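Quick notes on the structure that follows.
Letters are used for the chains, namely A, B, C, D and E, taken in the order the chains are written, and counting of residues starts over at 1 for each.
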Amino acid sequence: MDLSVVAFWILSAVAVISAFGVVFFKNIIYAVLSLISVLIAISGLFFNLGAELIGALQILIYAVAIVVFYVLVISTVPEYKGEAVDPKYALLSAPFGFMLFMELAFVSIYGLWKSGTGIFMPQVVQEVSNAKAVAVILFTKYLFPFEVASLILLVAMIGAIVLGKKDIVED
Amino acid sequence: MIPEFVHAGFPILSALIIVPMIAAAIVFALNEKMAKPVSIFTSAVVFVISSYLLLIYDPSGYKIQFYEKYQWIPQFGISYEVGVDALSLTMLWLTALAFFVSFIWSTNIEKRIKEYFIAFLILEAACIGVFVAWDLVAFYVFWEVMLIPMFLIIGIWGYAERLYAATKFFIYTFFGSLFLLIGVIGMYIYNFYTNGVLSTSYFDLLNVKLPHNLELIFFLLLALGFAVKVPMWPFHTWLPAAHVQAPTAGSVILAAVLLKMGTYGFVRFNLPWFPEASKYFMPVMFALGVIAIIYTAMMAIAQTHIKRLIAYSSVSHMGFVTIGTFALNQEGVNGAIITMISHGLTSGALFLAAGFIYERLHSYEMKDLGGMAKFVPVFATLFMISAMASAGLPGLSGFVGEFLVLLGTFKVSVLTATLAGLSLIVGAAYTLWLYKKTMFEEELLSEERIKEYEHLKDLNKAELWSFLPFVIFMFVIGLYPNWWINLINTTSQFVLHKIVGG
Amino acid sequence: MVPYEYYLVLSGLLMVLGFVGVIVRKNIIALLISTELMLNSVNIAFVAFDMKLNDVAGQVFVFFILTIAAAEAAIGLGLIMAIYRMKKDVDVTKIAELKG
Amino acid sequence: MEYLWIIPFSPLIAFVIIGLFGYKFLREPLSGIVAVIGVAISAIASIIGFIDVAKTGNYYNLKLFNWMTIGDYNIAVSILWDPLSALMTCVVTCVSTFIFIFATGYMKGDESYPRFFAYLSLFVFMMLMLTLSDNLVQLFFGWEGVGLASYLLIGFWHYKKSAANAAMESFVVNRVGDWLFLLGILLAFVTFGTLDYIQIFNKVPGVSVGIITAIALLLFGGAVGKSAQIPLHIWLPNAMEGPTPVSALIHAATMVAAGVYMVARLMPVFAASEVALNTVMFIGTMSAFIAATMGLVQNDIKRIIAYSTLSQLGYMFAAEGLGLFGEGMFHLTSHAVFKALLFLGSGSVLIALHHLLDIQKMGQIGRAMPITMGTFLIGSLALAGIPPFVGFFSKDSIIEGAFEVNKFVFMLLWAGAFLTAFYIFRLFFLTFFSTDRLDPHLREHLHESPPNMTIPLIVLASATVILGFFKEFFLNFLKPSLEPHSMKFLSEEAKIFVFEGLSRSHNVEIEANAFHFLGHSLSSFLGIVLLATALAGIFTAYVIYQLRKVDPVKIGEMFQPLYKLFYNRWYFDYIYYAIFVYGYYKLSKVLWFVGDKIVIDGIVDGSAKVSIFSGDIFRKTQIGRISGYVLQMLIGTAIFLALFLIIR
Amino acid sequence: MMSIIQQIVSGLGTPNFFVLMPEIIITTTALLLLVVELFTKNKNLLSTLAILGLGLAIISIFFIQQGDITLFGLYIVDTFSLWFKFMILITSIIIFAVFNPYIESKRTFYGENYYLMLFAILGMMIMVSSPNLVTFYIGLELMSVSIYILVGLWKRDYKSKEGAFKYLIIGGAGTAIISYAIALIYGRTGSFDFIRIASEIQDKADIGVLGGLLLLIVGLALKASAVPFHFWTPDAYESALTPITAFMGGVVKLATYAAIVRVIIGAFPFSEEIWAYGWAILAAASMIIGNFVALRQKDVKRMLAYSSIAHTGYIVGALASGNIIGFQALIFYSLVYVFMAIGGFIFLAAFEKNEGWTNHIDDFKGLAKKHPIMALYMLILMFSMLGIPPTAGFMGKFGVFIALISANVWWLAVVLVITSIVSAGYYLKIVANMYMHDPADDRRFYLTPMEKSVIAFLSIITLLLGIYPAIFWDISNLLTQSLVMVSIAR
């Protein structure tokens, strides 16, 4: 019973519980906070799996950047009155959500997943750190998508600005 | 059996299709005054050419004449392939005649003249195309194109409920023709899988040897498409609606040409392609035909709206064509073809008569009509001749077809012939009823009605000249059918060659 | 060592929870948050697969997913602002003028 | 004999001329004259042909042109000129000629004078096509053609509702017969592979009796319709709506006799089947008797004569049914003459009385118009069967034949003879003598008809007197077409076959020579009885209607039910109207509403409604709220996955 | 030891940027516009620049040698991608051409519109030329993100925001689903390259592939707005600026179909019994829902949105055959459908400029009297969508029929027939309103010559493609060959 197992169970428990929080917290602030905890838990899982770079990015991008957006917006938008979840939809979605989950779980468990096709054996990763490996691949093979991703961010920024601008309302 | 092809030196059939389209373009370009003369001239030219073809057609031996074939969509082995045998040719001629007549008739159109004539010209091109095309896709294209102008004609120049009628007409026929399309594609695919031939040409599909159940299915698919167009009972209800609402010329075309396409399809495709299925379904077709004949004859006599009466009478006559076709013997098919022509003439003339009455008295309802005979003697005479021809009086065109059909049917099924023969009685009943209600019984009229009638105009030039061709050819066919029968004999032999051998 | 399938099941669970969240929440901001949740759940699967395959391409993909999540969050929040400005409300039941 | 083609076509030419130029150029007198000339020419031609045949006894078969080819058989427009057709043609043309002449006077001043003669000429053409035909199709052509002509002529005064209805009725009822007739033709063609009489006759022996019977009966059905026998007789009395010359020509002399002619023409076929002959006989007899009873109590002068026509046609059919084809044809001839005479007489009366029809309102007009009365009397005597008029020779021989062959038939025909004598003289007395019930205004300018009307009367009357003495000549003349052994166009076996067929029914020798027949019937018991019967009929009528010894009304009350039955024409018309006119019409209406409007169109339009309705249902899914959309997406995804994961 | 890294890097070689010329041109134009737009608000200048860029890109296409896989196997430039890029650019030019008058009349100018559209186009171009799930994904997202914004860009109009938001949320969910699918496929095959994937799963598909493939289909269906993932479509289409709607309904649809074919044939050529059946179900649902609901629409813009859902049904229905003919039919239909869709929406856009035109079905009444020529064009477009010869729409349906029947998918063919008949109900309603009713008033509408000529071009080409479709059949044949050559004939 080594540590990683324990870590997995704890982190996943946290993630799931706070995910439920995201879904069911009435107060939007709590929802955002539980989102943060989900993200952190997930990044914890990344570390547990040995993907340090992604784990770090996760915390950086999300827990810092995106959540800040949310907090900003929430601060401008007054607190939302009225119940958090619509019981009718909750009742309707629960069985099908469960069904979908069962299917996904079925797939996950019985799928013949490949293993060890890649070149980054643990010992290789030992030598070149995970960060370096990812970085090399990202900036060589996946350079092009990376550039496009930057374009996407550009577009998103423009969009956020132009949509959030005042003149959209009165002009 | 692949017939021999006589290639045309000059692509005359394509010309027949193109000329009306060009005319339509010209009309589109010119002003409204010119629309009518241009279109009349065009249709006259087309009629003359087709009559000329009718005369120079060589009926000895089955040859596809004036044949042209060009690649169209090579990927699917689809080509533009036109040519005529006697069946196509007679139908082509009938089409040209009917359009000629209805163009002459259309003097009284004042609403949106240009569109009117453009629609009719395009319709003419499409109808000609349907009858001369030998490639299935080309056939289907023309078959569908024809819906658009007819939809507009009924919908724009029709009467009160024209929208309902036009939509019903369009959707109903579209429904049928899509199944026809599926059937054709099925044949095409099957032919490709078995013979490895990728072609939609009629003659390539003629060689397909189908397994029995598949043959039945394809037969039904095609039959559904055609049955809606014929229309056979119980698919007939669009016809009265369309006829009642359509303008006179539209009704003439509808009755004289469009209905023929269905029966043309039966004779052209179902018999040669599905001989076994044709035998198999013969009783069904007989039953439907007989029902159509008697039931719709009863419908007809129950009407007070004269156009609807005539429409139902058309359905009844088409029942004759159906049983004649599916008698599956020489007399039957000959009779069916002759009946198609003659019904084109008579029902066309009757609709002209109805239009004439409407223009004079502004009503189609029997209660507003009656007692005209004395005031419009010439019209009364022509109307009487048409009515008698439609009632199948010997010496006029109607009798020849009915006699042959009954003879052919009698050989196969006495009962069918006996019941179908009842139309001698019921047919006479509704025809004379119509005539009596519109022309006779002047003494029932009120004084002021008589006053109105005093200045009824008899047929004017245009009306007379649109009547005469129909009436003349009623006599021509009725008095000397031999020429026509010699014309179509080889064709009907070809149609039946898989069934009776030959 | 925990079998990788567990990670997958976890990611599936989070995905479904996000899905359900989009459905049940009435506050449109929460809708957006739930989509974030859905997107993130995928990351777990990717990384888990990576470790199983001894590869890093999955992590590269996770990078892209993060980017896109960010982008959508930005646009979504912009839209929410605009909607709020006009509608003075963030109740999903009110954001239903287009229908039928 | 090529000139024979003139016979049918000269009336046709007249018809075309009148039809085209009648209203524009010819108008009142001229078009009539053209018509008369047209028919006269064909009359002369036919008489020439008649004489030729009478001399030689040959037959001629001309094919004019080939109408239609079916398989290897050509249906040709053709002329078969043998004694039978020659006789019939002569009767048609000659009688027509006189009636045309009469009509020129009768139709004077009618606004559609040309149309009338156009129609008449058309009729004659069609009738001649019928008589001259050598095959069934041409026969049918004429058959339908005369139907058309009679339709047009009955409806000649179509502004009258009654006329229009009568015309339509006659055509449709005829069509019932024609339907059977056409089926007969089809069956004949399928059986024999040909439609020419002569070939058919020679093929008869080879065919089973059942089919022959069927063919014969179907064809006879046509005859029943055309010759207005029970049960298709109802149209003829109503046909009296037409102008009187029409009634005389079409509905007495020629067209209605077409059935009789047809049966005689196809004698070998009918002779081959005993059932067919019996049917013909039975139908004829019934008609003869029932029509006579109907005629008893009518008051419409033309209708009475119409019923007598029915009854006389019945006699002819009875004769043919008995196998006495010769006598039948002879009675046809004589009937054509004296019935035309009677009709024309009544026509001239009508002209004088301005179309007053009710005989109860006439009387005492004999003095004013002697010629009419005289000729009418002759006609009546002939009809009643008083020697030496032609009716006696033709009718009594039939009854005597019946006595030999079938007692039941004899009884009915005998009774019929009495009734005939009674009703015709009832008419005669009530019209020309009896008390004066005539409206004084009419009385003032009551006058004899102009010569162009009286001359035909006189001619026909004289014919009535003399024709009877040519009986033997006629019978011998007809032998080549009706006597098996002397029928040239039959093969030997056919001759024997037909002879056997005939002899099965016809085993009686009637005295052919007129004088012997007269003597025989004045001497033999049967003859005396028959003569007495006729006289008794006349006497009864005289007592009741001239001397007024007995009040007819009393008799009517005495036999109330019988009177009602006769007066209402055995309720035939009512039943037919209820079933075939009203019933059919209403049934159609109902079918239209239920079958077409509700059921079929219900399905068609219903499908449209259904799709619109389902459109509304599906529309509900687009509820506008994101939650709803995503929920449905979730459901969709879950089910979509489940489909594969579970089913596989 | 760095050797491994060096191996990797050296194994990659240098990318051939020349084949990226169109993309580069588009990108530069977009960035140029981004800058220019800061200084000038001259619409015509902006659109001219954009059109210029597109034109250049088109020209550059002709100078590219084909069949090159560059950027370390992440980018393929073959006949297929080039042709689709060509079509995308051409149709985009059309939309740019009629864009300005519209936004002027609606007084909702955003300089962003232009280069966002360009970015979207870039995304599509990347998407159609992706031999690899990563490229595909990134292109798809670039496109989607730009479109989300474009939908929302309507000043002072709440509805456009709502539509955009709905699209964003549903699209986000779709993105998540696609990512998950990619994850599963990656886990099953250990690669993102189509070729590798295909070679990995030649044998019978196991649960993993099944799950991945099905989720991928769901995601693609969502982007292509197939039932039951279509819910964003009517709202987004209705709420967007009409030229943008034309862009979405035409160009984006085209690119999406191309991507679908690319992914399905490229990555899963051997598991057609799965995706054929899956697409068949989705297609049937789309035909039914789309047509029946369109029957009840009064707003023609929304009606056309539903009809585009129905057309998605027809088009992806071709995949149900799972054979070459099916791919050909799909490509042909999608190529010709662009013209109809854009034509229909641009027709609306052109009339929407005028006062008193609300896209309501009754606004069409008597149009044939006021604008006979335009009405004729609309008639052609409508009958083409209905699938009446001699229009391109018929040829498309004809191909689909052939595909389905050749694969014995009779049930789907029958569904297609029935739903086409239903669709007649609403297309005919438009035609009937134009031709068979008298106009309520004699107000004429103003259309710019450019709009007129554009609509004329679109409807006439629709007609011509119907009369002589051989060329386009050749093209689709060619494209299919190139695809199959890349994927199967390995």
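We take it that a contact is a pair of C-beta atoms (placed from the backbone, for glycine too) under 8 Å apart; a residue touches a chain by one contact, two chains touch by 3 or more.
Because the structure is predicted, anything quoted here is derived from the model rather than measured.
Undergrad: Could you work out how many touching-chain steps separate subunit B from subunit C at minimum?
TA: The least step count works out to 2.
Undergrad: What chains touch subunit C and also subunit E?
TA: Intersection of subunit C and subunit E contact lists gives A, D.
Undergrad: Taking touch as defined above, what minimum step count separates subunit D and subunit E?
TA: When the steps are counted carefully, the minimum from subunit D to subunit E is 1.
Undergrad: Of the chain pairs B-E and A-C, which one is connected by the greater count of C-beta contacts?
TA: Counting C-beta pairs in contact, A-C comes out ahead.
Undergrad: Which whole number of Å gives the spacing of the CA centres of subunit B and subunit D?
TA: Whole-Å distance between the two chain centres: 38.
Undergrad: Averaging over Cα atoms per chain, report the distance between subunit A and subunit D in Å.
TA: 103
Undergrad: Centroid of subunit A to centroid of subunit E, CA atoms only: how many Å?
TA: Distance between chain centres, rounded to whole Å: 30 Å.
Undergrad: Starting from the mean Cα coordinates of subunit C and subunit D, work out the distance between those two points in Å.
TA: 97
Undergrad: Spell out, as numbers or ranges, the residues of subunit C touching 2 or more other chains.
TA: Subunit C, residues with two or more chain partners: 8, 11, 15, 18-20, 22-26, 28, 31-32, 48-49, 52-53, 55, 57, 60, 64, 68, 71-72, 75, 78-80, 82, 86, 93, 95-100.
Undergrad: Note the residues in subunit D that touch 2 or more other chains, in rising order.
TA: Touching at least two other chains: 608, 619, 622, 624, 626-628, 630-631, 634-635, 637, 641, 645.
Undergrad: Pull out every residue in subunit B that's touching 2 or more other chains.
TA: In subunit B, 171 touch at least two other chains.
Undergrad: If you connect every pair of chains that touch, what shape comes out? Choose line, ring, star, complete or other.
TA: Looks like something else, not a line, ring, star or complete graph.
Undergrad: Which pairs of chains touch one another in this structure?
TA: Contact pairs between chains: A-C, A-D, A-E, B-D, B-E, C-D, C-E, D-E.
Undergrad: Show which residues of subunit D lie in contact with subunit E when the two form their complex.
TA: Listed in rising order, the residues of subunit D that touch subunit E are 608, 611-612, 614-616, 618-619, 621-622, 624, 626, 628-630, 632-633, 635-637, 640-641, 643-645, 648.
Undergrad: Touching residues of subunit E toward subunit B in the complex: what are they?
TA: Residues 328, 368, 372, 379, 383, 388-390, 394, 398, 401-402, 405-406, 413-414, 417, 420-421, 424-425, 428, 431-432, 435-436, 468-470, 473-474, 477.
Undergrad: Of all residues in subunit D, which touch subunit A in the complex?
TA: On the subunit D side, the touching residues are 627-628, 631, 634-635, 637-638, 641-642, 645.
Undergrad: Help me check something: in the complex, which residues belonging to subunit E touch subunit D?
TA: 165-166, 169-170, 173, 177, 207, 210-211, 214-215, 218, 222, 227-229, 231-232, 234-235, 274, 277-278, 281-282, 288-289, 292-296, 422, 425
Undergrad: Help me check something: in the complex, which residues belonging to subunit A touch subunit E?
TA: 103-104, 106-107, 110-114, 117-119, 124, 127-128, 132, 136-137, 140-145, 148-149, 151-152, 155-156, 158-159, 162-163, 167-171
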